[in-house]
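The letters A, B and C name the chains in turn, as written, and every chain counts its residues from 1.
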Amino acid sequence: MAIQNRESFLNNLAENLGRSRRKEGVERPEWSVSPQWEVYQGYSEDQLVDVLEKQCKVIHTDFRKTDAAGLQDVLKETVDRYQGKSIIAADDSRNQEYSLDSFYQRMEADGVEVHIWDAGKGKENQVFAERADVGITFSDATLAESGTVTLFNSKGNGRSISLLPKTYIAVIPKSTIVPRITQATKHIHEANQQGHEVSSCVSFITGPSNSADIEMNLIVGVHGPIKVTYIVVEDK
Amino acid sequence: MSIRIGTNSFEHRVQEGIKNDFMRGAVSSAQGRFRSGRLKAAEELGNWEDWRTLGEEIRNHTMENLDFYLQQLSDQVSKRGGSVFFAETAEEANDYIQNVIKKKNGKKVVKSKSMVTEEIGLNKALEEAGSEVVETDLGEWILQLDEDPPSHIVTPALHKNKEQIRETFAAKKGYDKTDKPEELALFAREQLRKDFLSADIGITGCNFAVAESGAVTLVTNEGNARLVTSLPDTQITVMGMERLVPTWEDLEVLVSLLTRSAVGQKLTSYVTSLTGTRLEGEVDGPEEFHLVIVDNGRSKILGTEFQSALHCIRCAACINACPVYRHVGGHSYGSIYPGPIGAVLTPLLDGYDDHKELPYASTLCAACTEACPVKIPLHEHLIRHRQIIVEKENKAPKAEKLAMKGFAKWGSSPAAYKMSTKMARTALKPWTKDEKIENGPGPMKAWTDARDFPAPSKQSFRSWYKSRRKGDES
Amino acid sequence: MKASLFITCLCDIMSSDVGKDTVEVLEKVGCEVDFPELQTCCGQPAYNSGYLKESKESMKQMMRAFKDSEYVVGPSGSCVAMLHEYPHIFKGDPEWEEAANDLAGKSYELTQFLVDVMGITDVGSKFQGRVTYHPSCHMTRLLGVRDAPMTLLENVKGLEFVALPVKEDCCGFGGTFSVKNPVISEQMVEEKTEHVTETGAEYLVGGDMGCLMNIGGRLTRNGKPVKVLHIANILNYQ
């Protein structure tokens, strides 16, 4: 696509910097320090789960831990707690792996409306998401320190699922947990260097939406989901 | 709106600020909370100084190679289906954005919080061109409804209380509930949802763009930026030209510094990195994406001793640490960028004529410099501004210039200096009562209006020292 | 050890007792103290107001005055911090660069000198009273002296210490700020004195005369009974 006014703009910058234009050959130096790699260095997966659980209290997020066999029940309890009459969920290959497919069938049988994201249906997905009670996605990378789930939004995992419904549930395969955002962005950096296209939207989501804009009072639940549950599940 | 807000004089604005008890109470308690949040978040990391060093190094390298990284960024955005416009002035940026909206036949624009769009006066330009513009950040929405400028760069409506907000909602939007923050916020959610769903254009600012892949990162808590970038078919992102990092690895460092320094959070609720247009088969996200990169005076700062002012990541830590800001509030600065960073940036971007008081609105206590997560020497920049005002702009008061000439003579002449140590007590005698001065003459009046001035000691140090030496010798 | 007293212009003109006490404390811990009489002001009032040229005149005089000193010790964090800026100010100046580096390298604030150079944590003073301490901005943030005054105060016999709330906040002095922006300065010093009064202390102690004159002047203006002392006064009290 078009790039306008670039040459004169950048020439002016170079001039002000007192040198000729740099169009190539700029290398990032080795930074003198790297404190980001020291955070929870050497922690085991279980220790990181503990860190995540603690952080969930800070970010007003419910935390559950289960195994593959127990996942359906925990999900059901959570949807019930959220009085979920309608669910929108990502179209994810892990739905089958973790038997979410059968969970959604079970919910539908119970009279809950379930919509699995369907790219072919276009804006209908958004319309459903907007009135849905619950949105459900997997986490692609989970950051223990901050209590963050990372979504590489895609054709099957629309941005709306984790955004428009009143509540949101993230299913977190235990193996996706890393110490902090450092590991996730390193992964993206390396994938990009190898020529893989970065997702059009990488969402780092840390609990429910909130605001402190009125007299610095913390209000949980503003434009995004009002309640959030994380369910950590032992890998299959 | 542009950088400058209001037309009152600095003295007038300060008086107004100091009289505003609610504002001062609100600012003081907010500062306390922000400050303890920031210190706690820094302490949790343990090696905060290393983090600051890293942040400084990344910002420094980026600025030294800004042409290279902006070229890389624009190439990547273009590759991902986005259009890029480099705007040297506010007018160029506003014109471009107006044209995009016109071509798309856009009626309603939803915006997420952005300081640079305040700076270039985008809302006014769009409204004049016939668009309906809706701010969707809760604080910004409140200010938009009340036609009031922001007083803080992170929590823009800090100066308003919930009763004022309730009244605004009632008058402008027919709100009929209480002033409970939760109810006010729920009302905003319901009202703004309608706007999100019906908007054709979404406009955002940019916390950090990532040069290596062309991603634009937005750091928010409310979720409005996600809505602005998920639902409308056209997205326009406006970024100050310095708001980028080389790679994703650098991104996370600056985001970590930003969220901790701004609000004491490890990460905010949403850190969202968006690249170009939505991909084939995707439903959410824009089908058309424009990145507008704004200079508006920034390039003049490059290559000068003020260059590190461009390192600012808009966290407001300096504002939250500043005791002057606490007492006078954001509007006193007469700029959309208040506090120490505002006092540094505003004259650089908008000239000294309207802002020559700002560099003096500081005791040089350096609380700002200490708080800055990327180590901008803010108080030193304020001294540099003062030097320019004195030497180049020639805007210092005459009496002050005379006094400083006298200072140079006095300070370089041990005899004259010594004489003053001898004479001080006698010279001040006419005004001295009970070893203090309550109504000082001349420039001393400004001091004694608020506090007593002590009388100089009866025996000068030098005569004591001399007599003591004599005693030693005998 | 030989130490030259850098009395600071404020103490030279206003508070001779601080100079005397500094000399006596240094002598008590075994220093040989001299007072270079050619010293004037560190240049800060002009420098911080933007008058670089004018400030340099005074700075040069200071470099001349202390050129033969082994150590330069002053009872002020702010003025000593100013000396530490000389190397930046005279960088590239063939005539003065070396002298600037020399002066900065050998200059210390009183408590910093006692604790960090002399290795002394107890100067053997006694003081009966309830004391709070204001850590001045330039001493802590520019000079980086935070612990030394506390260490010394802790070891003063009889002294009862009480912490000052929000102690790191500026008192509103800021040199010429206090007369250039008197309205703001007044609000700041009012807040500071409120915190001082809250502590219930009988004495407010600090290491910078400017701040102490500001806070002290406000205390007496408001009729508050809190007395103001320089830390040198306390360290030389018996």
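Remarks
What we mean here is this: contacts are C-beta pairs under 8 Å (C-beta built on N, C-alpha and C of every residue); 3 or more make two chains touch, one makes a residue touch a chain.
Quantities reported herein were computed from a predicted structural model and do not represent experimental measurements.
Summarising the inter-chain contacts, the pair of chains with the most C-beta pairs in contact is A-B. Comparing chain C-alpha centroids with the centroid of the full set of protein C-alpha atoms picks out B as the closest. Chain centres computed from CA atoms place A at the largest separation from subunit C. The distance from the centre of subunit B to the centre of subunit C, each centre being the mean of the chain's C-alpha atoms, comes to 32 Å.
Mean C-alpha position of subunit A lies 53 Å from that of subunit C.
Listed in rising order, the residues of subunit A touching subunit B in the complex are 1-6, 8-14, 16-18, 21-24, 26, 28-29, 31-36, 38-39, 55, 59, 117, 119, 121-123, 125-126, 130, 143, 145-148, 153-155, 158-160, 163, 180-182, 184-186, 188-189, 192-193, 197-217, 219, 221-225.
Residue ranges on subunit B touching subunit C, taken from their complex, read 11, 14-15, 18, 323-324, 327-328, 360-367, 369-370, 383, 385-391, 396, 400, 404-405, 407-414, 417-418, 420-421, 424, 436, 438, 443-444, 446-454, 456-457, 459-462, 464-465. Within the complex, the subunit C residues that touch subunit B are 7, 9, 11-17, 19-20, 23, 35, 37-41, 43, 45-55, 57-61, 65, 137-138, 141-142, 168-170, 172-175, 177-191, 213-214, 216-218, 220-221. Remark: subunit B residues 26, 29-30, 33, 45, 47, 50-51, 53-54, 57-58, 61, 64-71, 74-75, 77-78, 80-88, 92, 96, 136-139, 142, 155-158, 161-162, 165, 181-182, 184-186, 188-189, 192-193, 196-197, 212-213, 215, 221-224, 226-227, 229-231, 241, 246-253, 255-256, 263, 265-285, 293, 295, 299-300, 302-303 touch subunit A in the complex.
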